Amino acid sequence: MDFSLTPREQDLQDRTRTFIRDVVLPYEKDKRQSPHGPSDALRRELNALAQRAGLLAPQCDPHWGGLGLSHRERAIVFEEAGYSLLGPIALHCMAPDEGNMHMLEAVASEAHKQRWLKPLAAGDIRSCFAMTEQAPGAGSDPSAMTTTAVADGDHFVINGEKWLITGANGAGLMIIMARTMIDGQDRGATMFMCDLPAKGIVVDRTIDTIEESMTGGHCVVRFENLRVHRDDVLGEVGRGFRYAQVRLAPARLTHCMRWLGAARRAHDIAVDYANRRKAFGKTLIEHEGVGFQLADNLIDLHLSRLAIWHCAWVLDQGRDARTESSIAKVAVSEALFRIADRCVQVLGGMGVTGDTLVERIFREIRAFRIYDGPSEVHRWSLARGLAVKA
Amino acid sequence: MDFSLTPREQDLQDRTRTFIRDVVLPYEKDKRQSPHGPSDALRRELNALAQRAGLLAPQCDPHWGGLGLSHRERAIVFEEAGYSLLGPIALHCMAPDEGNMHMLEAVASEAHKQRWLKPLAAGDIRSCFAMTEQAPGAGSDPSAMTTTAVADGDHFVINGEKWLITGANGAGLMIIMARTMIDGQDRGATMFMCDLPAKGIVVDRTIDTIEESMTGGHCVVRFENLRVHRDDVLGEVGRGFRYAQVRLAPARLTHCMRWLGAARRAHDIAVDYANRRKAFGKTLIEHEGVGFQLADNLIDLHLSRLAIWHCAWVLDQGRDARTESSIAKVAVSEALFRIADRCVQVLGGMGVTGDTLVERIFREIRAFRIYDGPSEVHRWSLARGLAVKA
Amino acid sequence: MDFSLTPREQDLQDRTRTFIRDVVLPYEKDKRQSPHGPSDALRRELNALAQRAGLLAPQCDPHWGGLGLSHRERAIVFEEAGYSLLGPIALHCMAPDEGNMHMLEAVASEAHKQRWLKPLAAGDIRSCFAMTEQAPGAGSDPSAMTTTAVADGDHFVINGEKWLITGANGAGLMIIMARTMIDGQDRGATMFMCDLPAKGIVVDRTIDTIEESMTGGHCVVRFENLRVHRDDVLGEVGRGFRYAQVRLAPARLTHCMRWLGAARRAHDIAVDYANRRKAFGKTLIEHEGVGFQLADNLIDLHLSRLAIWHCAWVLDQGRDARTESSIAKVAVSEALFRIADRCVQVLGGMGVTGDTLVERIFREIRAFRIYDGPSEVHRWSLARGLAVKA
Amino acid sequence: MDFSLTPREQDLQDRTRTFIRDVVLPYEKDKRQSPHGPSDALRRELNALAQRAGLLAPQCDPHWGGLGLSHRERAIVFEEAGYSLLGPIALHCMAPDEGNMHMLEAVASEAHKQRWLKPLAAGDIRSCFAMTEQAPGAGSDPSAMTTTAVADGDHFVINGEKWLITGANGAGLMIIMARTMIDGQDRGATMFMCDLPAKGIVVDRTIDTIEESMTGGHCVVRFENLRVHRDDVLGEVGRGFRYAQVRLAPARLTHCMRWLGAARRAHDIAVDYANRRKAFGKTLIEHEGVGFQLADNLIDLHLSRLAIWHCAWVLDQGRDARTESSIAKVAVSEALFRIADRCVQVLGGMGVTGDTLVERIFREIRAFRIYDGPSEVHRWSLARGLAVKA
């Protein structure tokens, strides 16, 4: 085992850190941000800067304009990007685009890649992934999916409603998951590719959420007899859940990476504050009641990073990382939340205001404990792995 | 010991519960609310309804139009009021007004009561309490106060900046705490009464905060040679911290009461959801991973209520309740936060959206762990009480 | 609601506290104690002292020599008794005798009371309660009971094995729970009374356990064709589980009461140590890292006491207290464990030695989180209470 | 970064695992164990078996009969050894011997190595390390040391009392830390080597402790005019604390390694039990309330291992690992305690008995949170590292 960075990893870390500090941080107060995320105009401006810095869509293959990062390299770069909540937007390695690009590289046909991955990787369009449904549909348990795609000649006709579809507003591509009926038979879940806007796709509303970092917000989307040609099926019919697995394990790990950077940012702000603010005759950090919280932050940051690196390494070996990514998701999301919560507390009154970024990071990371599978689903899955098969 | 409610307590509980359910809940989606709190128009409308129901400013003496509630009766009524985030606004028992009325009843002169308590209790005006300052001023450690009031003939001239002054926007009364200089001598902290708006008081901005339930928001206030007549000193010069104590112990307990109601609301929403939402073949509540969280909510709600009732009883005995109110503040704020956090988790994706009230209650209660003294200050105070005096 | 003690409660508290301090504490280093509990000789000596102080078996009706304490009075007295691990032995209000006496008073016939409750209340004999079995028998789920009682003329013939039977060694009475077969039909669980020693009852061994406070230890007991006359059935055939409920809710609450006293003892030792031991230039208690832990102890002690008092009050109303006693069992056992754990930590190296009582109290209270239903069973039961009945 | 094992690490892991499983586990019920640890006869028998297996004192240089393991290799081997509480005794890599050998290799003269390290590495003798004192002496704060060594011609005369001196009973070597006075001047702390038994060293008693795994127990040792020749000073006069640092950082990490193995053992026992024991119609592990606890164990085991590996890697780079070893000590000791505590809980009644090893592992690991610096000292040290130097 070896915990040193390769020269390339070291270089990527340096370059990303510098780019975030010098180029992205000054944009943090840019007005083109709303509770439903940074605007597309802001995103495009940042993407152009990232491209100039050679850091755009770094997870993609160089063929598509990226850097072809390994999972471990992503761990390095995405953590640095996450240090600013605008960083992953700038580098175009934010959810859901990052996961979508990863999946398309892995399972799309060459024609689909040319048509959709190419502009996506270039930041010319954004994408969204329409899987989740409200009760009684597919939430943590995707098998409850109610959206249907019924074969009709060369097309599929899709009806249903999706919920919490991140980035749907303004996206150029939607990947739709639907239960597929052919000749009256349930053929399982299939993924469909669809340009946006499209006749038959209605964005009902953008949902207010506790976090506000994703361009396009989180939307309620309705399909009204949407017709998709069978050529636009991603991969094969009935393999939707398999492809979702391809997408999910790494996607959940890249969430860990980005938010690790955000938590580090909150920690740095809290350490700085605790070194300056005085109470009862000494700086806050000299109070053990504060200093111990910051010490616990150090511990949580360190162990989170190790869990991410390890899982990234497993993925780089081409091995199944379901157990490791479930462990990482639970451990990292809960550790980062503790960090953000402590930072709020250390800042006192300041911590519950928008005067520092800590309050917002706290809210973002609260959502992370739900996104890509709440802790309970991962614990359930880990427990099942320990049960003796009957 | 006896845990039963008196007939009067039972009646107050029933009436408040009915009023909240039938009258206040329908207002919850009223548009006259913003991130800086419900508008004054909405507040006045709700106050009128509460008055009609005989529930306005119930903590005040009947002489001022209230119900003269004991602390234990407040525990009952405020919890019910808190079940809606608009409830305490409606009953006019919200911070900071509630604490200010309590303090004025206890320490103001008859003339001051006629001039300020009377319209305040009637809901004709709102009030604010200007004590806290940003670093390096008075935060958790009030002795660091930098705002000064310099005697000048019959007046005091006040200069300085206050921070997180709740409700300053639109208030009719400000109670100002300032370090008092008379003839070049520091005479300690004094409280001053001042009508708003006033020449010399500038509300610089309203701070964005994680919660949004208080009318008038949380403001940055600047004093520029504000002149206050010596007749408008509250009580006596130099006794500001003593009066703050009169205000703080009960005020921190009424926070506990109101937010207990809010946490109960979140819990009810989560229980309802967990009984309806299905995953993996059964309702969520049948999953122990969810059911145990709701069981822990029950425990936290119950123990929080007992801690509040006990402290209210101590206050009703006329005894010093500093230890009990510190215990209650730490225990209740942390327990209610755990409840709100679990409710978010139980709701999954729904929990991080504004589609239910749970997300907002989560944010409100996060602030509660800071307001009126962060947990650390109370733990420090409790520990000091255990130390042998040298 | 009212949290004051009645004069009788105050008097009981004073007398018990004095008795424990002056009479029982000096016995704590008595050599007649082993990992399997204090000896019967020591117990009898202490019982005689308690009787002289008018404090023997205080939970029993005066008719049987006790004080006829209400549940709230038990809360006061048992906490004081628990301040010494020998206290409940001395007062003869320790498990399992205390629960057995309670059940016999509630459900035994007058003849059975004369024969068994009378000498039991006087401390002339001890008793044990043989219900629990090892896998695959009756543990947390009593319905899995494997011990059988088969009717044979005027007798029942009992066969099976019981496990963790507290106090079996040296007891004069065993109450046996067994699945009852009459004419080949399963008639449910029945309780049988049996003098000890008895032909057909073999104590296989005394199990080593993490705690060591119960006279007679925890035993493995085997029934080999034990014959019990049908007159010795407690109450009626087939009502074993119902009687067990009569026993369990109060029994689990009296555990809370006694161990609350033990935790208070540990806390007092830790506070005393932290006030004397110096490190890095000040006393330990002046270090927030220590002081905050002791503050948390205060909070946990206070809320535990309130939960106990409240549940005792519900029992005194003659109401079903299953919910309240489950809440109390989980909340109190886990709070007291946190207290004991913190005390160990505050004492540092001293805390893991037998040089103070803290190490032993830590072990005792660890067992309490299991005894009379592990937390998980109570959380499960509380969650079930929240589920909508189909 | 790379998490794969080298072929040598893999081989060491396999061999140690096999040795523990086949050779050591059968000794676990050997009667030559007491609350004060395994006897020396048992230790010697196990050492001989380890030597035959080529695994004795593996941390030592081959020159002294060991395997010259790197810190990372120790992480692998010591975890496997720790799987049995007798494993580290067998491999002779248990505290305090392991730390003493490490320190002697690093700082002793060649002559001292020949005289003491050689027989120590061979298991011919055991050693102890006499530093800690009771209040008001040197505990967590070593600067409070009260034991003195006064120069007297060619000798030092040592007086004082040491406390919790592990393994003193039956050891052949004692390393003594004492404040050194030469010509009336305090020359700082010095380490002295001393054969045992020695005139002037009295083992007053063996302290009862919560754990029982160390040969020779934990003793109170008194120095009565012990005369040590100046040639027996370890290294140089006045450098005692520096050498203690050499010893402590790795020693605290090897504690983490060994107890990680013990926690894994407890986890395996709990998983096995939860797969067999049924309650309420299914196996325990199928209950989420149990399964989630075991899932959390997986997470804690994994992250603990990563923290250990990382710190071992830092040590292997020859870098100062004070921060990393403090992080590891806090994180690992607390994680392993949570694991052991959950295992007790999962086992229910069985968990608090000596019928499985879980109860004992729980007690051992409780002590680990204190040994080699309680968590509070490490948090304090980490916080200090975050404070801006004035």
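Going by the order they are written in, the chains are A, B, C and D; count residues from 1 in each one.
Here, contacts are C-beta pairs under 8 Å (C-beta built on N, C-alpha and C of every residue); 3 or more make two chains touch, one makes a residue touch a chain.
None of the values given here were measured: they were computed from a predicted structure.
Student: Centre to centre, using CA atoms, which chain is the farthest one from chain D?
Tutor: Relative to chain D, the chain whose C-alpha centre sits farthest away is B.
Student: So which one's got more C-beta contacts, A-C or C-D?
Tutor: C-D
Student: When the C-alpha atoms of chain C and chain D are each averaged to a single point, how far apart are the two points in Å?
Tutor: 38
Student: CA centre of chain B versus CA centre of chain C: separation in Å?
Tutor: 43
Student: Would you kindly tell me how far, in whole Å, the mean C-alpha position of chain C lies from that of chain A?
Tutor: Spacing between the chain centres: roughly 52 Å.
Student: Can you tell me which residues of chain D touch two or more of the remaining chains?
Tutor: Where chain D meets two or more other chains at a single residue, that happens at 287-290, 292, 376, 379-380.
Student: Help me check something: in the complex, which residues belonging to chain B touch chain C?
Tutor: 1-5, 9, 72, 271, 274-275, 283, 285-286, 288, 290-292, 294-296, 298-299, 302-303, 306-307, 309-310, 313-314, 323-324, 327, 330-331, 376, 378-380, 382-384, 386-388
Student: For chain D, which residues count as touching chain B in their complex?
Tutor: Those in contact with chain B are residues 287-289, 292.
Student: Which residues of chain D touch chain C in the complex?
Tutor: My answer: residues 132, 134-136, 139-141, 144, 163-164, 207-211, 218, 276-280, 287, 289-290, 344-345, 348-355, 359, 362-363, 366-367, 369-371, 374-376, 379-380.
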